[in-house]
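Pasting a structure here, questions to come.
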Amino acid sequence: MNTEIREILEQVEKGALSVDDALLAIKKEPFVELGYAKIDMQRKTRQGAAEVIYGAGKTAEQIAGISKAMMEAGQDVILITRMSPEKAEIVGKEVPLKYHKDAGIGIIGELPVPKVSGKIVVATGGTSDVPVAEEAALTAEVLGNEVVRLYDVGVAGLHRLLAHMDEIMSAQVIIAIAGMEGALASVIGGLADCPVIAVPTSVGYGASFQGLSALLSMLNSCASGVSVVNIDNGFGAGYLASMMNHMKK
Amino acid sequence: MNTEIREILEQVEKGALSVDDALLAIKKEPFVELGYAKIDMQRKTRQGAAEVIYGAGKTAEQIAGISKAMMEAGQDVILITRMSPEKAEIVGKEVPLKYHKDAGIGIIGELPVPKVSGKIVVATGGTSDVPVAEEAALTAEVLGNEVVRLYDVGVAGLHRLLAHMDEIMSAQVIIAIAGMEGALASVIGGLADCPVIAVPTSVGYGASFQGLSALLSMLNSCASGVSVVNIDNGFGAGYLASMMNHMKK
Amino acid sequence: MNTEIREILEQVEKGALSVDDALLAIKKEPFVELGYAKIDMQRKTRQGAAEVIYGAGKTAEQIAGISKAMMEAGQDVILITRMSPEKAEIVGKEVPLKYHKDAGIGIIGELPVPKVSGKIVVATGGTSDVPVAEEAALTAEVLGNEVVRLYDVGVAGLHRLLAHMDEIMSAQVIIAIAGMEGALASVIGGLADCPVIAVPTSVGYGASFQGLSALLSMLNSCASGVSVVNIDNGFGAGYLASMMNHMKK
Amino acid sequence: MNTEIREILEQVEKGALSVDDALLAIKKEPFVELGYAKIDMQRKTRQGAAEVIYGAGKTAEQIAGISKAMMEAGQDVILITRMSPEKAEIVGKEVPLKYHKDAGIGIIGELPVPKVSGKIVVATGGTSDVPVAEEAALTAEVLGNEVVRLYDVGVAGLHRLLAHMDEIMSAQVIIAIAGMEGALASVIGGLADCPVIAVPTSVGYGASFQGLSALLSMLNSCASGVSVVNIDNGFGAGYLASMMNHMKK
Amino acid sequence: MNTEIREILEQVEKGALSVDDALLAIKKEPFVELGYAKIDMQRKTRQGAAEVIYGAGKTAEQIAGISKAMMEAGQDVILITRMSPEKAEIVGKEVPLKYHKDAGIGIIGELPVPKVSGKIVVATGGTSDVPVAEEAALTAEVLGNEVVRLYDVGVAGLHRLLAHMDEIMSAQVIIAIAGMEGALASVIGGLADCPVIAVPTSVGYGASFQGLSALLSMLNSCASGVSVVNIDNGFGAGYLASMMNHMKK
Amino acid sequence: MNTEIREILEQVEKGALSVDDALLAIKKEPFVELGYAKIDMQRKTRQGAAEVIYGAGKTAEQIAGISKAMMEAGQDVILITRMSPEKAEIVGKEVPLKYHKDAGIGIIGELPVPKVSGKIVVATGGTSDVPVAEEAALTAEVLGNEVVRLYDVGVAGLHRLLAHMDEIMSAQVIIAIAGMEGALASVIGGLADCPVIAVPTSVGYGASFQGLSALLSMLNSCASGVSVVNIDNGFGAGYLASMMNHMKK
Amino acid sequence: MNTEIREILEQVEKGALSVDDALLAIKKEPFVELGYAKIDMQRKTRQGAAEVIYGAGKTAEQIAGISKAMMEAGQDVILITRMSPEKAEIVGKEVPLKYHKDAGIGIIGELPVPKVSGKIVVATGGTSDVPVAEEAALTAEVLGNEVVRLYDVGVAGLHRLLAHMDEIMSAQVIIAIAGMEGALASVIGGLADCPVIAVPTSVGYGASFQGLSALLSMLNSCASGVSVVNIDNGFGAGYLASMMNHMKK
Amino acid sequence: MNTEIREILEQVEKGALSVDDALLAIKKEPFVELGYAKIDMQRKTRQGAAEVIYGAGKTAEQIAGISKAMMEAGQDVILITRMSPEKAEIVGKEVPLKYHKDAGIGIIGELPVPKVSGKIVVATGGTSDVPVAEEAALTAEVLGNEVVRLYDVGVAGLHRLLAHMDEIMSAQVIIAIAGMEGALASVIGGLADCPVIAVPTSVGYGASFQGLSALLSMLNSCASGVSVVNIDNGFGAGYLASMMNHMKK
């Protein structure tokens, strides 16, 4: 903000801009000038030089349209979440799209080379949790992070998880994704000494109540350093993990 | 049953009993004659030569009275569950009582020497789960079982649990007791190859909802061989474990 | 485990195996060598010389592929659970499959002849509970157990249940399966003197809330010796019952 | 209604009443004239010549005052529900009160001799349900019914219930009262061929959730002829049972 | 029972029956001798000379088969509940069926002429509750009752209900059926002086939570004489109402 | 009322009406005479000279039929809510219908010119809430109100909302519509000094539990002046807002 | 805003303000410039010339202190809600307090004479709802409204409510307060043609679940014009009703 | 691992180790070899050179004992959470304790000087949330962080929050603590561009359901970068915030 208003002010000072025009410029996009650009959520995701389009509830045409506008505006990488294969096919005809069917994610442009050294580990309890995990992992990659995938390392076969102690101990952030009893977050939280973002999934049946069981489990984790996002919210976890991995020092 | 009705019939045959009296005798306790004595739940707990008194909702006087009657009837060991210290003090004046304050359990008589070789492991996630664990452990001991206690081996500090792999691998039955996220049952279920009885406890706060979180976790365990009893039901778990440990071959 | 690593060690001792090759052998299946074979869930199901494939979430091709690999590895009996008729048809073209439509279960190979004498009784409240019951019963049979089916013996017609007192009294383990009010577990638990595994089903409507009513009922059973698995979890009950029926003495 | 308005109309016709006065008379107590006196709930409880005072939330002084007013108005029998021992002591100094501590019920006057031949059976699963049962039983007795009490006949010891088949088969109405798993209603509903009023109680712990488990069980009863009242609502069950027992023919 | 066992005893007394044979005879069908034939639920529904088939979960072929068997056994009237139009069409080709699409009910034979004078009023809050109401009404009619239908008399338009005070005041039993806020039961319960059977329906949206709102409302009715059956359980209400209307005097 | 009964009485006085006929007249429509015509809910919506048809659960034919009858009766504007596009197409062939697909609303006739000066602001958290918002907005417009739409002003991008402070501060009533965390109602409630009607929507996923999350949020709003209607109840909010905007002074 | 930023810009133009100082000035209090002082919620309650202190969670000393400060600042009327009798006694020693025990409300100063003609009706289902009702009524009176109290007019005795049709029909706003089944809101909503604010109360037992039953009922009201506030939130209802009664025209 | 097993193998090869001893060695401490000493959770909290004692469920004597032992072991700073004033008084006699009553926290030793430059903002919706906030803030301070407290900045008075934009924009991590509708997390999440840890509190009444409302709100936050810990879990939030603030680069 400072820069932009400073420029306006400097132009006013120089006489290059009238007070009225300056006022208009400042009023025009009030939140931008007044520092509210920070408030602009879109800007945040520019961390990794990427823009995000939430595909659910948008038509293929709308997604394609927004994508094209962004590309024309010079955007290198665009992440489209929660997009069905049907929509992806239509969108793919309009823009150069790499579609990840499992995650329901489409990516335009090349994944950026990470500029931070920390790794984000994405771990799942079972293979059924993979779609949510891929949403998290691809989100983090698009935002400029190196991601290590540890899938199907649920606690009922503890050796599978323990075989990956190295990855767990060297992670900057871990995303623990599980349905059913959701114990993975606690076990990883107890093993690791970095923040763990727990993502309950709606995987399970009967008394899993569409993810409620895993959600409650994770909220009640007796391990420190664990926090929780909404059921199936892979994007949210990937985004937050990237934010942590890019934290200013 | 056969014996009793046979006797009545033989007496009728001999003329030693009138038809009316025989009819009355058969009608009087119909379920007893017909073999329904088996239905008598009290008899079950005789497995370990012990009787059980559920103390909750009974006055100290009632507990003392029942205990005395049982002792006079020749009962060697009596287990009294859910008895407050206040009641225990009063009961203890009437009968020779060993009171376990943590578990709220009183025992009259000596713990029987186990006649079965299998061991029952009672494991808890934290120290707050110990009262429920002691209810389970003492119940199993009173019913004639050897019990191994593994307390405070919750999954957030996995090494504490893994340090006891020997006990876990050599158990006949394991009772896994935990509040909060209840992940202990799944982890033990994945490690052990014997039945695991999971007991959710009401330990926790906030979104543990008085044990609901642990209960759902345990019901959704992805480990095979795990079943669940009611929240805080240490007695039920101890009783069932003893039943399994004494299974007929 | 001991045997396998012992063999490797003996070969090293004899000089028949180099240290490097031994290390490789131990590393190859790391969990086996380190005693984690015990942790290996797959081994557990070898009780009855059977392997289990959880069909839900796997494609017919994947199921067929895994089955063939197992068969080639010498596996005699393979149990496939939660497999739709459509998948079963495809799988059946690749491997010799007996498909049980009601239970959604496919079996490759002959049911093993039980080596233990105990019987597992599988009882249901109604006919709508039969699919879950068949999942339990077939699982137990594949794992080498004799199963007695008592279907449609719900408590609203108590005579139907009481007519089977003999089966109930002579069971080693009973699986009580019911939806709606789930009272069957309590009534059987009160009649029998063996462990009862209660399986709530999602059968019912309105305030049954997809099995919640039966689940709560069963957890609150006032009968001793009753424990509960997840809603509709026939496989879990059958597996646990087999585990109990094969308990080491 | 007809009579009263007819009289007014006739007087108007005769000229004995002005239109204005007639209008006023009709407007004055519109619900009375229109027959809405029937709507008066108080009248209903006169079935058994008794009045009911709901004691909860009333002070001892208020209860005593209302009681005296009713007595002065010629009321023979007065039932006071949900009254604490403390209040009962105060009330008892003002009016001749028989207080039933278990049920929290006070009765002024003699229990009426039943004028109907049908019997109301009040059955409970356990002894902890007795307070609710006594509220039901005393309510029914005060309203002029013969009551048969079958306490502690829970389904986990089925023989206790079956021993009372005669009472069950000869009842006009049965009130089935149980906490925990609430299975009593279904079992009795299956045995009896009269209406069963199910009363869930808050007796239990853990997953009984203060009566929710029993409530859901009873609502899902697979036995026909069962309906349910609120948790712990002994009065409501006793009142409804009396209403059924006094049904007009 | 007495008779049969008496005969056996007399034959033993006479020497006409050996003790062993007598014992066998008594053991053979214990529930029959003990009068438990009464336990047969099917018999109950013979009240109105009708049999009931619960159609849900049965194939059209099964329904047709059972119907034919019943007809051959001399059954005049058969009620089939929860049968889809598709099944009804198939069944209708095999047996003479009158199908009520709204209620999902099929009836074979003529509705019996009521032998009791009492009327059952079936009232609904809205027109969307009519399918449940018709299930209740037809059930009651098939069981030999005169039914008065008061549909769409919900409390938000109180005049619609009050316009039917005559029917309400003269009913023997009232079935009050409503979704959404379920207030109808309380209002009718306050107006009427006969038993009210409340049926919550799953009609509504949002916070009606598939009938939970109406269910809780009805359970908490402050009107006396109201009891509740499961959500959408029209059959249960109709059956119970008929039972009340046919109560022995 | 007075007028009508007075007329009857005067006719009786004059002898122009017999007592019997007068009695019948008074009895016939008791609620009408007594002023209960006011009770007629339909009349209320005449505020804005519009009639409302709730389309859900009605066939296209029924909707068309009712519409035509209303038009013939001289109704200028008719609002049809919750009508699917399929039904709208059929109805549109019979009557001149403007169909709003997003809101599922059809309007017959011209929107009335508002006669009150107050404005109703309809604000939504996201674009997915627009269908509910349009139901509210069109309802208010049909009832004769000026509506200001502020869509997609959710609290996660506060600047979007703050940019509309003028509209918020000058509203007569505000309808705040949001799913997910439903915070919009609190934030607007804190900013505005007019009544805020909060409408939770079922928009969201996972722990939004079909609108429960937003509903609870809104009920717990710490801002004064906020009240809540049912989940997705746009019509109810629009109707209530119009009622407030037309309040008598 | 324009003025202030214009001034800054003009000073920059003139060289009277450096660019850095101008930038700081613009950044410094962004929300102030934007007029967000309007956001002050406190101002709202000045409607009725009264200030409100929420007593819960404040000590008697704090309440007294705030009260004195307000009085010294010239405040005529002060409303203190949720204040216990113990606190009231202490506060009463420091300031001239009128304490309403039932409502837990203290008032300093005289109730203002209403300046608006509309009446607010406060109706309750039972006498147990009166504390919540008094909180609502006193709040409305303190804010300058005429309040009509209709207590104990619950729907189970409909005549009690109908006897007050005049008050209901002439109200500007109605606050309907009820626990248990909460039907009062629907019935009043159906009768009245003004906005109805529904307040569920925690009055009830068993399945009322501390007000949940009444809350759901009211949210699902089929009457138009009804909206709901939090359980037991008398203040919120009184405040909103006053806001409606004072709506600008 | 390789090294160690290689050594064992080499010794076996050399004959320096018997096969049995080698086998035992491999089995004995499998988790130790794998470096699981790292698993020690306690070590984590050494970040800030502090140890933590969870006071709930420990006696004053136990707390004092553990504290002394830690002090003797050279621990400079010790944090004791969830300790009542009564316990604090006793503990304070044994060790030099600074007790923070509001937060229920005791601290032994001096707060460390932060070695990281980032600031942790702790914001609350109301003053009732302060105890939880202080638990979070003191935890973070004890672990070596600079904490900025922004209390009572709830969204119903948005200006209070917006007045602190500088602190919000310059935070490294923000802890947003709120009860009731929990909207604070979303609003802050939308304003800030750092991770937000949301802590729902049990503050509120009625439909806040002890924090459930705030919990669901926060889980459904539409702002990115927000994750949630358990209800009232101030310690967990403070600990996680510190972990983020100390993240390795």
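The first chain written gets the first letter, and so on, giving A, B, C, D, E, F, G and H; residue counts start at 1 in each chain.
Assume contacts are C-beta pairs under 8 Å (C-beta built on N, C-alpha and C of every residue); 3 or more make two chains touch, one makes a residue touch a chain.
None of the values given here were measured: they were computed from a predicted structure.
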- Note the shortest touch-path length, in steps, from chain A to chain G. 1
- Item | A-B or C-E - the one linked by more C-beta pairs in contact | A-B
- Note on the structure: Matching A-G in over half of the residue-numbered contact pairs, the equivalent interface among G-H, C-H or E-G is C-H
- For chain G superposed on chain H via Cα atoms, how large is the rotation, as a multiple of 5°? 90
- Roughly how many whole angstrom separate the Cα centroids of chain A and chain C? 40
- Separation of the C-alpha centres, chain F versus chain G, in whole Å, is 24
- Message: Quick check: how many Å separate the C-alpha centres of chain C and chain G?
- Response: 60
- Task: Spell out, as numbers or ranges, the residues of chain D touching 2 or more other chains.
- Result: 30, 39, 41, 156-158, 190-191, 206-208, 212, 215, 219-220, 223-224, 230-231
- Note on the structure: In contact, pair by pair, are chains A-B, A-C, A-F, A-G, A-H, B-C, B-D, B-E, B-H, C-D, C-E, C-H, D-E, D-F, D-G, E-F, E-G, F-G, F-H, G-H
- Query: Can you list the residues on chain C that touch chain E in the complex?
  - Reply: 127-128, 156-159, 162-163, 205-208
- Task: Note which residues of chain H are touching chain B in the complex, please.
- Result: 30-31, 36-37, 39-41, 57, 200, 202, 211-212, 215, 230-233
- Note on the structure: Contacts from chain H onto chain C in the complex sit at residues 2, 5-6, 9-10, 12-13, 15, 19, 22-23, 26-27, 30
- Message: Considering only the defined contacts, which chain B positions touch chain C in the complex?
- Response: 35, 38-39, 41, 43-45, 117-118, 165, 169, 172, 190-191, 193-195, 197, 215, 219-220, 223-231, 236-237, 239-240, 243-244, 247-249
- Enumerate the contact residues on chain D facing chain C in the complex. 125-126, 154-158, 180-183, 185-187, 189-191, 204, 206-209, 212-214, 216-224
